[in-house]
């Protein structure tokens, strides 16, 4: 059982790391602020979700698990809203793509 | 397992670092505003991994605080950082 | 493995610091510094200072960053003028030499540190049970080095008085800072309604956890202050009137209770800030509870800056028609800022 | 190299970087940012010393760590006062220059 959970964690966290990688590659490669923002928020959030899911079997105690989920919720919420705000201000100060 | 988590954390920090290098090049201010956000999701992920690696669940509290305050910093970016150079139509665009 | 993780953090930290110092303009420098401040939280975790990491994540990244960003927004093109006063190549070279010299001296100091390292932990740990708290840092802050913490609370209040004293006479007692406006149905207002409840829960949790685990009043107060700022930035609440009695009471309550407990110790335990046997934990709790509002209010007001908008100008008795130039200046400044305050 | 030595050496470099910015950058806000970097270097150095003092079952010496928390909060307060001073300077002189104003009576 322990081994199975560990394997699950490793797989999820590696997948999360791949999404972080994808986010960074997108950030490096995409041509304008909007697409870069897209790469950043989508990929990094998926990365974080997978890391959280992967870590859930590794923590002991309900409180620690709750905190993990709360971290994820917070980041989701704020990054969804903040990326909107950033995109808006980008549109305001630059020419439209 | 701890070693794996540590290296995963290091990898995430590395990704954040590369992303920051790109963000630092700009060109617009919007790119720079992504920095706080990038560090928000990246450092939070790294903190969770480091915390689970050391088994110290209080690190999760740091991640919580960082998630909250990096959102705050991002908002301050958007709110304050546009000033000075251009006059704005003062309200948000219609949603 | 842990060294590699630390190495990556260190490289990123150094690059950010350099980038911040040599950045082209003030906005870029502050942007770099915000990220730098957030990253420092990672450094503290790696240095086994969870309490410090919490404080740094909250203050170093969040509050200081927002404070400096707010300042950048109000530089009004003063940068170009000072750029002409920039240090010449010779001065720069000398500055670089001096910086190298200081770094070199410090490195020598680090390499010659005594082994084994001096530490007070063996003194602090056995004394901890007497205080009734489980977190050694809370024990240090409120029992072994309580005087430092008392003075710190007083320093914060004095800093606030210092900030307020930059207000023009006519604005004294008024509301600080610009009036922020934003679309009440907009995304920012939405965030400012959703995040603060979460933030308050997290803040109070950290406060509660501080007795036995990392956390405590500083971290908690910072989060509460940030949430208050968020509500203000979204235009959902104005900054408080600085002549409000309840507000001023909140500002001084912490130090006053702290001093009262300290004087009490003079009679019951024979020393200023001494706790009588068995009473340490309840007294520490009393001090913490009294310090929390003080810290939260003072931190938020420090962010807000000096009073700028006299509340009496809206036709209150005694306000009268103001001298033209002042009236224009006073109306102009906050309004301009608020015009820019949309998101 | 141990983690604490690594961070202690980094801290030395941070102090140097901050000091350079403090001298070389003309604008007061830039100086303030540089000073904060210098300050954080001092904090990290202090924190590394705290880590070296791990003993009695603790991961680090709690006394310097408690002082660090105090220091971070006080540094914020000092920064806030400086920002208020700077904004007042800009408001009253329309310039952020720290140069001696030309002598006049």
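Lettered A, B, C and D in written order, each chain numbered from 1.
Just so it is clear, contacts are C-beta pairs under 8 Å (C-beta built on N, C-alpha and C of every residue); 3 or more make two chains touch, one makes a residue touch a chain.
This one's a predicted model, so the numbers in the text were calculated from it and none came from an experiment.
Compare each chain's C-alpha centroid with the centroid of every protein C-alpha atom shown, and the nearest one belongs to C. Interface comparison, A-C versus B-C: the pair with the greater number of contacting C-beta pairs is B-C. Taking each chain's centre as the mean of its CA atoms, A is the chain most distant from chain C.
One finds 28 Å separating the Cα centroids of chain A and chain C. Separating the centre of chain B from that of chain C, both taken as means of CA atoms, is a distance of 20 Å.
One finds 32 Å separating the Cα centroids of chain A and chain D. Along chain C, residues 2, 44, 46, 63, 70, 72, 74-76, 187-188, 191, 195, 198, 202, 343 each make contact with two or more other chains.
Across the assembly, chain D contributes no residue in contact with two or more other chains.
In chain B, the residues touching two or more other chains are 16, 29, 33, 40, 61, 64, 68, 70-71, 75, 77-78, 81-82, 88, 92.
A complete list of chain pairs in contact reads A-B, A-C, B-C, C-D.
If you check the complex, the residues on chain D that touch chain C are 1, 3-21, 23-30, 32-34, 36-37, 40, 44-45, 47-63, 65-70, 72-81, 83-88, 90-91, 94-99. For chain C in complex with chain D, the touching residues are 2-3, 6-7, 10, 13-14, 17-18, 20-22, 26, 29-30, 33, 36-37, 40, 43-44, 46-49, 51-52, 55-56, 59-60, 63-64, 67-68, 70-72, 74-76, 78-79, 81-83, 85-87, 91-92, 95-96, 98-100, 102-103, 106-107, 110, 113, 117-122, 124-126, 136-137, 139-141, 144-145, 148-149, 152, 155-156, 159-160, 162-163, 166, 216, 218, 295, 298-299, 302-303, 305-306, 333. Of all the residues in chain A, the ones that touch chain B in their complex are 6, 9-10, 13-14, 16-17, 20-21, 23-24, 27-28, 33, 36-37, 40-41, 44-45, 47-48, 51-52, 55, 58-61, 63-64, 67-68, 70-71, 74-75, 77-79, 82-83, 85-90, 92-94. Every residue of chain C that touches chain A in the complex is listed here, in rising order: 187-188, 190-191, 194-195, 198, 202, 343. Residues 70, 74, 77-78, 81-82, 84-85, 88-89 of chain A touch chain C in their complex.
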